Amino acid sequence: MKTLLLAIALATEILARVDAARNTMNSFAVDVDLVATTNGKTETAKYRVYGKGSDRSVVEFVAPATEKGKYLLMLRDAMWIYMPTASRPIRISPLQRLMGQASNGDVARTNFAVDYNATNVETDGDAWVLDLTAKDPAIAYARIRLWVDKSTSEPTRADFYVVSGKLIKRATYRDHGERVEIEDLLRTGNKTEMRFSNRAPHDNADKMFTKDALGKW
Amino acid sequence: MLIKLAFRNVLRNGRRSAITLTVIVFGAVGLILFGGYKARTFWGLRESTIRGRIGHLQVYKEGYSKAQSQKPMEYALDDAASIRKQIERDPRVKMTAAQITLMGLVSNGEKSETFIATAVEPPKDRAMNNQKITAGDDLPDNESDAVMIGKGLAESLHVKPGDYLTIMTTTVAGSLNAMDVRVAGIFTIGVKEYDDRAIKMPIAGAQTLLQTKKVEKLLVFLNNTDDTSAVHQTINRNVHGIEIKEWSELAPFYHQVVALYNGIFGFLGIVVFAIVVFSVANTILMSVFERTREIGTLMAIGTTRGRLRTMFVAEGVSIGVIGGVLGLTIGALLAFAINKGNVMLPPPPGYTTGYRLQIMLQPAVLITAFLVSFVTATISSIVPALKASRMKIVDALGHI
Amino acid sequence: MTSNDVIALDGVSKTYKFGKIRVRALEDVTLTIGRGDFIAIAGPSGSGKTTLLNLIGCIDKPDAGRIVIDDVDVTRTPLHRLSTLRLNTLGFIFQTFNLIPVLSAYENVEYPLILQNVSPRQRDARVRRWLDEVGLADQWKQRPDQLSGGQRQRVAIARAMVTEPKLVLADEPTANLDSETATRILDLLAEINSRTGCTFVFSTHDASLIARAQQIVRIKDGHIHDVDAARAA
C-alpha cells in the first residue's frame, strides 16, 4: 500500500513538471505544418492555432487551398467546424471525431495534467513511464501511458488506450515538443506528422472561442 | 309488378343484356382481383415489416423521441428487465426483444468504413428472421464479440466468416472505445443501401462497447396485429416513465406503398367505373328508344312520369343485382383458382426477389364489388329513365 | 254544357310547327258529345282527326279554346296531372294494339288496376270478368306475341274497360285487322257500349265502322264540316 501511494505521488509530481514544461503560455498562437500518410499516399496541410488556457483553441485552416477559410473550434466538451460555404458552424459529434484529422486533433491537444490522474510510475531507461487514467468518462482516451524524459521532464512518447484497453494511437514527441508523430495503430501505415513553429504569446479575446464568432474574423 | 316487369324487361333482349352483364361482371371481377391483390400486398408488407423489423410496438424511455439526441443512449431504458416482465405477462404478447442501434467505424487493419449496427438478442433476432445469410452462421447465443456483416460491407472490407475486424465508436459518456470482433456470418436483407453499412451484433457486446447496462428500446411482438392499440393502452396503464410507438408510426415505407397502390388502383377503379357506367347507360338508353311507343302507351293509359322513371331505374337495379351476384361469384372463383396456381410476380420496389401472386378475399372487398356494380348500374339507368319520362306522349305514340 | 255531355270542345285550335313551317291541324273547333254516345270521327288523312282524338284523350294540349271532359276543364289542368284523369276516366284502344310485350294477357289487363291501387282480390275478379267479356278467358296466360291480331285487340279492349272509364277513345281500331275479325271487334265494341253506357269515340275511315256509328263527325282540313246526328236514313 505504501509503495502504491508513493508511486502515485511521484507520478503526479512528474506529471506536474511535464505540464509546467509544456504549456508555458496561457494565450498563444502557433503555426502547424501537417503531413499525413494514408496507405502510402501523402497529403500536407497548414494551420494556425490560437489557444487560450488548456481547453480552448481555434484552428484556422491555411492550406491547401481547398481547406482555406475553414475554422475548427475545440472546446473541452465540443468541437465545431465552420466552412465558408455554410451559413453557420456545424457541431462535430464525438462519433464524427473518430474520423479524419479531427481524431488527431484530440490527441494533439491532450492535456495530461488537467484531464488525467497519474496512478503509477515505472522506469524505462532514461524515461519515466506514467500510467494515466482519465478523470472523466467523457474524455476521449480512457488511459495513456506516457514516457517522460528524466532529465528534461518532456514527454517523448504517449500510448493512447480506449476503454476496452485496446491501444489505438501512439504519439512520438521530438525536438522538444516541436514535432509530434501520431501513428494510427488500427490502420497500419497511417500516420500523421505535425511540426509546430512560431509559437508565441498572442492576445486572444475570450469571445473568440465561441461558436458564433467562428468564421467572422 | 314493378320487380316482375323490371326483370322481364332485362331478359327481353338476351344478347344485349348479356353484353351489359359482361361489362358489369368485368368491373366487379376486376375490383375483387385488384382489391384482393392489393389487400394481400398490404398485409404481406405489413406483417413482414412488423415481424421482421419493427415489432408491433416499441418501448423507449420517456423523452426519447422529443430529444432526438445526438449522444448515443442519452434516453435509454434503465430497467428493461422488469419492464419486460410486466409486458410479457399479457397473453396477447408473443415476445419482447431488446435492441440498441449504434454507429461507428469498422476497420480491417487497412481500411475503415462507417457502419450502422443493430445490437440484438440473438435468439430473438433469429425468431424475427429478417435476413438471408449468404455465408457463415447466425449470431451465436453466447459470444458477445461475434458479429454479422452486411454483404456490401463485407465485400468492401474483403472479409469472410472467421475473419476479425475492429469496430470503433464512442461510449455513452463520450470517450472512444474499440473492440475486436469475429465475423460469424454475412447477410443480406435485399436492400443494397442497407447491406453496404449494416452490422448485427449481440446486445451484450454493444453494451460493453458503449459502457452501459441500459438498452435503447424494447420491441414488443404480439400474436395478433389487431391487438396493437389495446395492448398499447394496457402497457401505458401499467408501466410508467416510458413512451410507446405503434408500428404504424414506424413504417413510412409501408404507408408510402399503401398510398401509391391506393392511388394507382383508385385511378384504375375510376376508369373502370366510367366504362361500366357508359356501357350500361348506353344499353338502357337503346332499350328506351326501342320501347318508345310502349312508353307512350304506358303514359297514355295513366302511368305517371315518376312511375315510369322508377320502372327504368328498377331495370338498372335488376341488372346491377344480377351483375353483382355474377361478378361476386366469378370473382371469388377466379381468386381461388389463382391462389391455387403458381403465377410469379417480379420483385416489388426496393426488394430483390419475386413472389407468388395471391389474392386476399376479404368480405369488405366482396361487398364493395357488389355494391359498386349495383350502384353503378342504378346510376347508369338514371339518365335513360329521365329521357323516357320526358318523352311527349303524342310523339312517342307516333314512333315506329 | 250540361252534365249530359261527356266531352265539350269550345273554339279549340292546334298548330304544329315543323321547323319553319306551321301546320294548322285544328281550327276553331266546337263540339259536344253526349254520355253513352257511339261516335265516329271521319275524314281523310291529314284532316286533323288524330289531333282531335289526342286533345280529347288529354295527351296533348290545344293552343286556344277550352276542353271539358266529364265536367273537368282539362285545358286548365297541367299535363302531368292529367295522367290520373286518363287513368280513371279514359280508356285507349290503338290501331297497333300497343300491349306490353313482356306481360301476359291477364297482366296487361291487370296493369291499370295496379296503377289505381285496387286490391289484389278485386283486381283478379275484374280482370277475369273482362277477359271473359272479350272471350279470352282461356288465353289469359298468353303473351301478345302468341296471340292473333284480333285477340290482341280484345286484350286491349279489356284493358281499356277494366277501369270502368266514362269514355273510350279508339284511333283506327280495325285498321290492322282483316274484315271478318274487324266486324267481330266492332260487334264487341257496340255491345259493350250499349250494355255499359260508356261513351265510345273512334277516328276511322273504315266505312263499316262509320255505318255502325250513332253519330258521325266529319272533319276536313282542321274544321268540323258536318255532324250527322243520326245514320243516314
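A few remarks follow.
Labels for the chains are A, B and C, by order of writing; each one numbers its residues from 1.
Just so we're on the same page, contacts are C-beta pairs under 8 Å (C-beta built on N, C-alpha and C of every residue); 3 or more make two chains touch, one makes a residue touch a chain.
Every value quoted in this text rests on a predicted model; they were computed, and no experiment measured them.
Think of the whole protein's Cα atoms as having one middle point; the chain whose own Cα middle lies nearest to it is B. Looking at which two chains touch through the most C-beta pairs, you get A-B.
Taking the mean of C-alpha positions as each chain's centre, the chain lying farthest from the centre of subunit A is C. We define each chain's centre as the mean of its Cα atoms; on that basis subunit A and subunit C are separated by 118 Å. Centroids of subunit A and subunit B (each the mean of its C-alpha atoms) stand 54 Å apart.
A straight line joining the Cα centres of subunit B and subunit C is 68 Å long.
Residue positions of subunit B touching 2 or more other chains: there are none.
Note for the complex: subunit B touches subunit C at residues 1, 5, 8-9, 12, 293-294, 297-305, 307, 393-394, 397.
Of all the residues in subunit A, the ones that touch subunit B in their complex are 39, 77, 91, 93-95, 97-99, 134, 136-142, 162-164, 166, 168, 186-189. Residues 70-72, 103-105, 107, 109-112, 114, 166, 168-171, 173-180, 208-209, 211 of subunit B are the ones that touch subunit A when the two sit in their complex.
Residues of subunit C that touch subunit B in their complex: 54, 57, 59-60, 80, 83-84, 86-88, 91-92, 94, 96, 98, 100-103, 107, 110-112, 114-116, 159-160.
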